[in-house]
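Both complexes shown next keep chain A, but they swap its partner, so chain B is in the first and chain C is in the second.
== the complex of A and B ==
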């Protein structure tokens, strides 16, 4: 298989990325990306499989900061005592992803970089031929809005919502070196290019600084397992009374509202969240309901805060 | 009963299936085999204005390209509506219809070949919703030329008895309500797959994932122009059908045609998306129903007008149309009764038979309406039902013959088990219980194609190896009919199940059975198998009695021994076999089943006739989240009268499966379309309940011991689904006081009702 590459170090992986520039796809657990391959939505020639890179698989706490290797599986995260004890929000979010079997392979890095979804896009080639392909594929219009410019596919990463609410940072490695930045900064409000990762980057680590005073998590889906989110809300309040409320599944990128509790009201939280969400009818749950649920979830969170 | 009958018995093929040893159609490979892929329509309703296959024909690896005109004879499972061609001819009627087929050395070559076929369409007016099809249109716009009055109505089925409409105008308590049901599909595990081989002796062998080898056999003969005696249809291990493999399918005919044409083995296996597009699932349905009661809570009349959305072709639709109405005649006595069902053609994949055929949606409607009437009259919904149950041994208004009937015991059981009397109507807000009942046929009394033959024949063969082989055309589709054959022979002959093997579902070797549909197999094949095995025992007894000088009737077959009560004769099974076969060798005995003559003489009297009916009562418990509209079904109690559970393990399995399938249709499953294209043609977006969504189940088998069923048995495979859905709907009312008139009951609909919307 001359298209399949399994580097055993980050360095090797980066040099392969350079070599196959523009024509490779990274596999972590592969649980998301394989479907894109099958549906011919990802047609790159080369596969770089990160699963042989041991240094990417770790859970460690140093100086009060939790470090997760990008290749740590969601299952490992859920069953880690450290995470269950000190970062239950991460465990809860990870547990809400896919199914137990998938979580044995699915990685945290892959989950943060899971591709945006849309019911008109995540379909087979034959299906797309029947419906007409869209902007994000090879077509010229958006099948949802009829527009010719913008794509509104949804970011559906559940752990992104949780980790952004926790103020997580990520480490990216490129052939030029290492960068660190807040996780929230890698997401772009665009359904086609939804990450701003530089070419040839590999996500290596996620660092979580805060242990919040309070946390809250809820995911909307029709079935109790398996389904991608129709709305995920993760929220924290830290010791300085800063609230971080992150919504995902309702827009092209996660939506964060970050504000001190001293000035935050339920109304202005909801207003900010709703204003920033570009929610369109591209999920199996009806649009009106998904919008209503933003209010309901935020209200539930608000009520839970007041009780505590 | 001293043998395996009535004892929980693991299926004889269970180990093979779970270890991956069982051979499904998709597992077969032949030397020099070709693969078939299809070009499928990207239009919902259009004239095929250009179809050029020349490039595909010369594509490397492609051996044959076939278009519709080459296989022009139409077919269909019902001889009254053979409206389908193997490949679209001149026009397409739904997105995904097969427009051309390519056979090639590899799947990839076949796929590429199909891709480069040049096709152009001229769209015609679309009929996507039933109301479109009820409008008049120009002749050239009609989906099929044979429909009448410029409309796309495939069938109108109507029966009326004793002027229900008059009663409804004057009755003490009346309800008239409208319901809407989304289409759902079978979602079986194994995709359709077929292999066809053209044999050296100019015969055709077709191995296919089918529930109806016999109807496939007939339709292959018709379309391919071959005599039936030149065709062998075999059904290998099968991974679920639920009605979705009970039609002869285009891909089966095309694959067989390709084998004839190329003289090479040919194979076709569907992708999951193709399975969804092929559909044949439950019809999307709109019901307008009126039910009335007198002062004492007796149901006086039922009248209903139903529209079912058939999609592009007929399939079982004529039967479905009748079943929507006639199967409302039980389990309650309703003397003034009428229905009209109109099945319309639309430009979508066709609908057909699916578990609980035709009766699931109207059952939801009537059970919800009885609940409403009970509330109107301030009566307990269980009491209202008990007040109206049909008795045993009676005729319904449309002359369905009810024999054994355990419905009262079913209802009493679930009522007691869930502590209904202390909990119903008294649970905190958001928490509720709901009840519903149902009944269903144990096999259609009439064959699909009229003939003078029995509905099934079973042969039992005894040879000097001491083995019994049961030959039956019955199709085990996972429901366990092979196991039943073995159980029955072992029971009748007093031998272990290990002494009995089956040879099944092979039209060259096994006597005809009509197929696995309408819950007929255990009842009909069971009766035939029992006769055949009994005759083997009698033959053996005759020979042994003669040799040993005892009376044949005094010989007992038990525990692998053949003996008289006083033990003057006490033989091992093998010794008995030796005596029985002396001087004659192996012999075969035969049993058959023909349904008794039943029913009235009016037009449509045949619909819904069955030699026996199963009954059931279910109660569901739900919790509703008033903020989100999410419904959590937490427990279901089910009691089902299957006459006699020949294998309680599999009866329980059928009831559990029915609960799961009913739950899916009630809560989350739905085939969605946009512009005639399925939006969720995969197991991710078509949302079957997961194990976490599936409630606790408390199952009771009620045995009413039917006089005509084998050992008293009736059906258990379809009847248990009917009460599941309305019991959930009624429980939601008890929890939060809203009536869900549209399925699936998704949270958005619940929330909208809770907030006062419609």
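== the complex of A and C ==
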């Protein structure tokens, strides 16, 4: 029996997904999911490795819209002249992920669908056995909140924050055909089932329509290159003065505040962002500090907009 | 997970192997081929000690499925020098004392060789950024960066 599969087309990948229903893991770059396998957090028998599908690796601009293949590596995105020139926010977000060597393997599609993280869940099996499993593993309660029945693990995708701030859309291939939806709509406010994609669907492309008039990006983490984000803020203002501020790393899904600059105030922005963030103490940084840093980052963005 | 017979090209030699379906390249290199120059540090993609070249591109072998490497050229630290002549990066690491315990050194070399080929005019800051995924537990970063800077200078001339 063969357990590792390297399809050469999306059609083959979808047929494999159908065949191994419920017992497969999709590898994009594999830089994150490989750790889940080592820690016995992912025990599916079949691996479907998308790295052999060349058609998923592309950067192209058609009619003013940037199209990124889901298997484009973060390094290719950073090195692209087109992206550096017209979409520096995407390049900046990609550059803030992991290390230069990992970025040569890690993909944009993989980063958008990176699993939610929590200090009580993303640990070795021995650690989890010692501490007591949480409800996302085999336990019955959330260890972070001391017994709640919801999972609050954090969405830690940096590129998701940037692409949502840019109003990106994604293309999904399913056995029934192609569907497109705004990226922001796929994330669910749940730590366990963090997206609403159908089981046998493959993210194939990301389309970015907006070339923003202004952009801003900042990421908070304990150790550069080592840690996942503790707070990522990506913000854009388009030619119609619509501000799109996206926060990630502080809640179960990215938090988007979208409002015209005419009516937006700093207090209003901070209040909306803080209200929507379900931040709990599940990161290396203390909870109080992370909450305070939301205010600090939003204030910095607000000041930068006023200066511009 | 079952065993699978594959052919890998490592350091210019092709040989058939039996590997586990979910095996990572680091395990194959160290435990099946006894190429122990590639080090196992964190085993979770953080420390850079296990860096090897896959079709000329640096990858972390602890995160790379072995079966993904079929049909590709793998170069490990054992093949980076030309016989007894060290690669320029290796030479300067020795000359400038760019190592203490030496555990991270294979990873540093395998990261910096393609980096300097790609960025021959890299500044000190860019070298630091390029090395940001290589952890030295002896914290001897200054001399490592000095050595790489010297190597870059010689490779340019």
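What we mean here is this: the second predicted complex is superposed on the first by the 306 of 308 C-alpha atoms of A that agree within 3 Å, B and C clash if a C-alpha of one lies under 4 Å from a C-alpha of the other, contacts with A are read in each partner's own complex, and residues count from 1 in each chain.
The definition used in the following text is that contacts are C-beta pairs under 8 Å (C-beta built on N, C-alpha and C of every residue); 3 or more make two chains touch, one makes a residue touch a chain.
Here the structure is a predicted model, which is why all the values come from computation and not from measurement.
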Partner chain in contact with A:293 - chain B first, chain C second, else both or neither: first
Chain B versus chain C as contact partner of A:239, first or second or both or neither: neither
First, second, both or neither for A:138, with chain B first and chain C second: neither
First, second, both or neither for A:284, with chain B first and chain C second: first
Contacts of A:220 with chain B and chain C, given as first, second, both or neither: first
Which of chain B and chain C A:126 touches, first, second, both or neither: first
Overlapping contact positions on chain A, where the chain C interface meets the chain B interface: 99, 224-226
Interfacial residue positions of chain B with respect to chain A in the complex: 40, 42, 95-96, 271, 273, 627-629, 668, 672, 674-675, 677, 679-681, 684-685, 687, 689-693, 746-748, 751
Touching residues on chain A, where the partner in the complex is chain C: 1-4, 6, 27, 30-31, 34-35, 37-38, 45, 47, 49, 51, 98-102, 104-105, 224-226
Contacting residues of chain A [partner chain B, same complex]: 99, 119, 124, 126-127, 129-131, 220, 222-227, 284-286, 288-289, 292-293, 296, 299-300
Contact set on chain C toward chain A in their complex: 1-2, 4, 21-22, 24, 43-46, 48, 51, 57-60, 62-65, 67-68, 111, 115, 129-130, 132-133
